[in-house]
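You will see two complexes here that share chain A, one where it goes with chain B and one where it goes with chain C.
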Partner chain A sequence: MKTDAIIIGSELDGLVAATRLCERGYSVRLFSTGAGSLHYSSDGIHVLGFSQATNEEYVSKPIEAISQLNQDHPYQKIGKDQAIDALSWYVNMIGDVHQHVLLNDCNKMVISPAGLNIPIYGTSKHQATIEQLDRENVTIVVFRGHRDFPAELIAVELGKKDTPSRVIQVDAPSEFLENAALAKSFDAMEDLDAYFATIGEAIPPETNVVLFPAVMGFSRHQEVLVTAERVLGMPCLEVPTLPPSIPGMRLEHAFVSHLKNNGISVHLGASISRSSFDENESIVIWDSMDRQYEASALVISSGGVLMGGLNVDSQGVIHETSLGLDTYQSEPLNAISVDRSLHALHTAGVETDNALRPKRNGSGTIQNVFVTGRTLAHWNPAAESSSEGVCVATGWAAAENAHQYLEEHNNG
Partner chain B sequence: MPETAKRNSDSTRSDEVIWDSAAVLRSVDQCTKCGICHAHCPVAAATGEFPGPKYTGPQAQRFRIIGSGHELSPILCSGCGVCTSVCPNNVAITDIITLAKAEIGGHGTKIGIGQKLVNRPELVGRLSGVFPWLTNALLANSLVRRIVELVIGIHHKAPLPKVHGRKFDRWFADLLQPDGTPISFFTGCAIGNYDPDVGIAMVRVLNHLGYKVDVPTDLCCSLPMLSSGETDAARPRARALVDALQPAATANKKIISTSTSCSLTLRSKYAAFLDMTDHVSRNVANATVDACEFLLHRHVGQLRNTLHPIPLKVLYHGPCQLRGHQMGQPAVELLRLIPGINLEVSEADCCGIGGTYGYDKDKYDIAMSVGKTLIDQVKQVRPDVIVCDSETCRWNIEAQTSIETIHPVQMLMRALDAGD
Partner chain C sequence: MTQANSKPHAVVIGGGATGCGVARDLTLRGFIVTLVEFGDLGSGTSSRFHGMLQSGARYAVSDTDYGAECMRERLIVADLAPEVVEQTGGLFVSLPDDPPEFADKFLEGCQNARIPVQEMDPDQVMAEEPAISRNVLRAFSVPDATVQSWRLVNLLADDVRRMGGTILTRHQVTAIDTSGGNVRSVHVVGEGGEQTIEADIVVNAAGPWSARVAELVGESADLELGKGSIIVFSHRIVSRAVNRCRPPTSHDIIVPTGTVSLFGTTSEVVDNPDTTHVRPEEIQELLDNAETLIPKARSYRAFRAWAGVRPLFRPKDWPSDKPLPRRHSIVNHGDNGIAGFFTICGGSLTTHRSMAEDLGNHICKSLGMEAPCITATTPLSGRVDQSDWQPEGNYRQIEKSRQYLAPVCECESVNQADVLDQIENRDINHLHDLRRRLRIGFGPCQGTFCGSRVAALIARHHPEYSSNDDLGKFWTERLKGSTRTAWGQQARQALLSDVVYRETLGVRLTQNILPTDDRR
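Presenting the complex of A and B:
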């Protein structure tokens, strides 16, 4: 079974790489042990929120700040221009297959599920930002018994900005009070108008923006929120909940459907048991049931330690789990760091050249393997608040580099 | 650590990881409590009675280990496997729950007569196949079905298949075949008793590709027993089946199955639920292959050149057991080879029936609620034909939608025939 490319992992970067290669007309197969880390992510794009390279409290112009990052940071490897191309390609593509995302001139602040303010560069239509709430009178709606939405923390945070707000409790539309169950109940709801009319009665008259937990439907959320806005007569925005994140799941679902409809085979639940490759030759992988698949290029997007793309052995050494690629770590990972966000684990990962190509067993660079996203070393998604941006940029760059490789090697 | 094999290395594996029951239960420790499985479980979304895979799987298993007594939640799991397929940490959630079912059911001693009956499809098929017209007429009668529900607990609306006597056997006995590469066809209980046309299509496609087909046995794989916890009764039956298939495996023949669930049972569930990891069982497991997987991996070129156009709107629904194979949806790739086909792929995780799960009078409503996504999509797409690899799903989908629902190899056979 030979395809042009194989992608390992359904992280955002893997989905981006698969989509881009498919768009370029290549045959692609995607393997993933499970669903990806979009379950922990919103549908906006954090490009770069914090950096020690700038002297700001937070980064205001993330694209410009890219050039000040460490030379081995993934953004620096692919370069600012390619990062810009990747982001603009992404917002166009995702606007077609899922929903519109707006790239702002500079970072805005979104409210995190823990009630903190986090800089974000690209926002989806109904994603609440602090700027939008400035000088407004805000009502935060909580579904009675829904525990994954810390509304009080959000109210406290808004209070610090002198934005008046209050929390009201309304009856949940479903019997079960988990994020997914609530979202599905909005998908199935027959009379949205009547439901929001009832909520309207509980909303104090001075309100002019309503915040809902981001569970307002799974496949129908745009229709749900537009209806809410029409019935309540004011902007209705979503604030992320604790995981699993419904906006992230919507995004993953949209990607996977799009890929399947374009003829890409998605092997969910599959893991790679062994592989065989030589420099410049086609790659063979075997899945856990010993089926054999061959490809001319391979993209490794299997995530970090949380998603199983990397693991740490008892000696504190980090390993890449699919192919055993060479890795970087600043110190043994069993060391306890004073500042947890600076723990060496966060920046450990696979070492690559500027084309995102790794090495194995210290031998020469492998020409047809490309590594993306959280599997890469030298960046810190938690401390930088840069997760989606790096994933989109490296996923796109890996696809472009694979394309270049395939063009040079497929004409024979 | 992954092994990186040398080029041209021998294709047999020395490092094979076998998921026996101990390995399944050990995977509990890989759970990071991320909750992803729970967010995807169709049964947890349909009923508050079921606490969901994260709880019923790895979490409750810790208490089962210390013998904290049995709670009944595993019984409500349909075994659809969605949770296992989305778990990023390789926790064998569905298998953990299935092993717990066997404990709760006393390995069969505490399982009701209705479930025991649906657990023996080949027996039911044989008895009723003596007078198939009589059985079919009786089961079409709603009063009879009410009585069946009352006495043995099979819901009166559950989609029971039509009984076909031994149509496949008679057809196969008279068949003239090419003298090509020998290959074995494992028919399971469905082909002989309920689904002869799928068997006929499979043999014809294999003949077309030059194979000489033999049918070594018509024993049942006993998955219904295994997934409802009747392990004591399943054990000798599984052994008998493996023994019947051993000569084919020893002769290096592939053993083809048109049922995704039968092939999955042979390939991995005898190891997971019965600890059958001996050499003979592993040989048979490794020789067994799903029909679509086999065609896709070996015969894409040949099929592409011989399939004639079929200008129909087709909806493909991948059955639950396909997930356990971890191979994507090979049928989709095969169907796309048919020129002119207008193919839509199901968005639904599960048709609801869950093997024999939805037959139970207490679970039928949950099953119908789970299946709603698919039924809604059918209404919207309005396909001419629905294609699905698994027999109980086909019976269910056809009963719910009144649209002809066939196996992928039947569709391929039609495309091969279309030029004549």
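Presenting the complex of A and C:
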């Protein structure tokens, strides 16, 4: 069963690559061992919040700051123009299949569950930004017994900014108090008006913005929040929780549905047991049930060390797990210097050329394999606050490069 | 005496097991005691060891008297504070590498030291402990136990407080006044500023930092500082503390404690008592040696490595070629013209009480006081629980109270009520200090999820709380230990933790948060 492309991993970058290739009319299969790192990703698009690992200054204009990054950084490899194209394509596409995301002209600050500021470039409608809370009177709603929303930290930090706020506890809409159980109960709720009317009774009258944990439904969160705003008569915004992140899971779910609706085979829970390919020839992989799949091009969006796409051995050497691709690391990873946090572990990964093509065993560049996202070397999502931006940009670039290869290959 | 007919005042410098034990001993003998600790209680050597409450079997051959003292004290500690002791039991196993004649000496030594010892069938031992080597030649069971050292130290300190003593943590001693050949007062600096504490007696119980304290009165303390590194494996790989049956040396013991197993220790003489860095070579040395006792050691998830500095005291005129004694030493600096100043050093957490008894006797004698030691028979007033410590104990409590969602730290099953008790009633408002008291952040996730939950409980009571600073310090300190073992699943865990702290919570690692990497 040969397809044009195979994508390994259901990371944001893999989902983007699959969607883009599908849009271009190619047949695609996507394999994923399980949940991707979107389950840890909060809402919106973090493009670039900080330009260096040790820099404490926020970046204001992330697109312009790309040129200040190290030459090996994935953004530099694909180039600023391609990054802009990727982001514009992404917000259009995601607006159709999931929810509207606004690319602002500069970074805004979203509020984290610890009450701290995180720079963000693309924001969704109900995502709480500092700007929206400035000079407002804020009530933070906690579902009684829900542990993964440390609301008191938000109140303390808002207090330091002279934004009056308080935490109120309300009865949870579900018996179980995990993020996903709460979200499901909003999906199933019949009388949203009555529920929010009850909450309204507990909200002090001086309030003019309400913050909820980002668990306000999986599939109908926009309807839930719009209803809350109508009943309460004020903006109702979401603040992320501790993982698993419901906004990230909503996005993953929207992507997977969209891909399936467009005829892409999505193999969830499948792992790759072995592979075989010669330089520039078609690629064959086997899953753990020993089923064989063939493709002309391969995109590896396996999520790096975090999701098992890379592995560190007990001697501190990093390995790529699906094809044994060549990797880069700045130092042995069992001796990471703690004063730079996990920088060496983050920046270790697969080394590629500017077209995101890797090598294996030091031989020539492989023409039909493309590596994306956290599996790439030379970037640090935690220090840069850039995870969704790099994943979207490299996923899109990989699809465009694969398209170019497939076009030449099919014609030749 | 500062005043006729009044109680004598004592200042104890050092809040480890030794200092807290001395403070309790002197308080029960009628002293008014102030304990001064420059960090948190038990943050030095008392928490940086393998956590054993020794039966003494380890020393039965090399120092039989000390082994006997350990056994006596081990029973007393377990009797006074059963809730901090887990009766794991201990094993000594002879492997092909171990000197075969040692096993008989060991048996004889234990009998001489009155340590209950029983030879076991090696096949039975290997069946009961599936993770250990299949080459056990002989095996002995002894009553080793493990101790929650922070909780013990805090129980002792709480007892002192209840009897009217003062415990000053995060206070540094800056000067000790002496005049007319006597100590007079101790100057300390803390968060609340400077203060002077009148003292008839000053006890230097600063462990590896004793030499620095002695210098304040122009005295010296001849210490040998031994750094020992330990690697922490996820899960309890063994059910009992398993020792190699050979003369006590390096990397010969694995201890199950809490939800983890500790393997140690390396041994290296260092100059600086603050040297707690673990070098990558030490990790490989530990893993190589662990494989002899635990063949699959490299395949287990190791989630942390850390080191402690053990101070051994060199008595006057001790021969340079003879190993330093494990038993404690007491120096009465009155012999050098500074009456009332005493240094106590060496020994172990297991013998902290008898060490304090010995010192208390010296002090009373020097003051001409008649006040017998009653620490062994006086119950600890802060006791909350009558049963032995069990790892699943917290879950039982949660189940009993039907607060199913109460645990804020699932790894170590710490419930919310205990955290709130510390914050509301004991004025504890840093994650680190809660960690030492309640074990939050000790388990496999190393504080990834509980950090912000607990921080929220602190913030509820402290509007000035800085989540960035406290979460940042807590997490980077956890990270410091786990970067040494960042391979396999642990590398993934470290990155997940990074995602949660930096990408989700938005903690920025500023220079004042990051621990210095003391790689030397």
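Definition applied: the second predicted complex is superposed on the first by the 402 of 412 C-alpha atoms of A that agree within 3 Å, B and C clash if a C-alpha of one lies under 4 Å from a C-alpha of the other, contacts with A are read in each partner's own complex, and residues count from 1 in each chain.
Everything that follows uses one rule, which is that a residue touches a chain if its C-beta (ideal position, glycine included) is under 8 Å from a C-beta of that chain, and two chains touch if they have at least 3 such contacts.
For clarity, every value in this text was computed on a predicted model and none was experimentally measured.
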{"item": "Partners on chain A (chain B, chain C) - clash or fit", "value": "fit"}
{"item": "Partner chain in contact with A:Gly308 - chain B first, chain C second, else both or neither", "value": "both"}
{"item": "Computed vertex angle (chain A) for partners chain B and chain C, CA, steps of 10°", "value": "90"}
{"item": "Touched partner set for A:His319, first chain B, second chain C, both or neither", "value": "first"}
{"item": "Touching partner for A:Leu345 - first (chain B), second (chain C), both, neither", "value": "second"}
{"item": "Contacts of A:Leu232 with chain B and chain C, given as first, second, both or neither", "value": "neither"}
{"item": "Touching partner for A:Pro243 - first (chain B), second (chain C), both, neither", "value": "both"}
{"item": "First, second, both or neither for A:Ala35, with chain B first and chain C second", "value": "first"}
{"item": "First (chain B), second (chain C), both or neither touched by A:Leu333", "value": "second"}
{"item": "Partner chain(s) touched by A:Val209 [first = chain B, second = chain C, both, neither]", "value": "neither"}
{"item": "Least Cα gap, in Å, left between chain B and chain C after the two complexes are fitted on chain A", "value": "6"}
{"item": "Residues of chain A that lie at the interface with chain B and also at the interface with chain C", "value": "37, 243, 306-308"}
{"item": "Complex interface listing, chain C residues touching chain A", "value": "279-280, 283-284, 287, 298, 405, 408, 449, 452-453, 455-457, 459-460, 462-465, 467-468, 471, 476, 479-480, 483-488, 491-492, 494-496, 498-510, 514-517, 519"}
{"item": "List of chain A residues in touch with chain B within their complex", "value": "1, 29, 33-37, 39, 175-176, 178-181, 184, 243-244, 249, 257, 260-261, 263, 265-278, 286-292, 303, 306-308, 319, 321-324, 360"}
{"item": "Chain A-facing residues of chain B, complex", "value": "1-7, 9, 11, 13, 15-17, 32, 34-36, 38-40, 44-45, 48, 81, 84-90, 267-268, 286, 293, 296-297, 323-330, 332-333, 336, 345, 347"}
{"item": "Complex contact set, residues of chain A against chain C", "value": "37, 40-42, 46, 56, 112-118, 145, 147-148, 150-153, 155-157, 159, 177, 240, 242-243, 245, 304-308, 311-316, 332-342, 345-346, 381-383, 385, 387"}
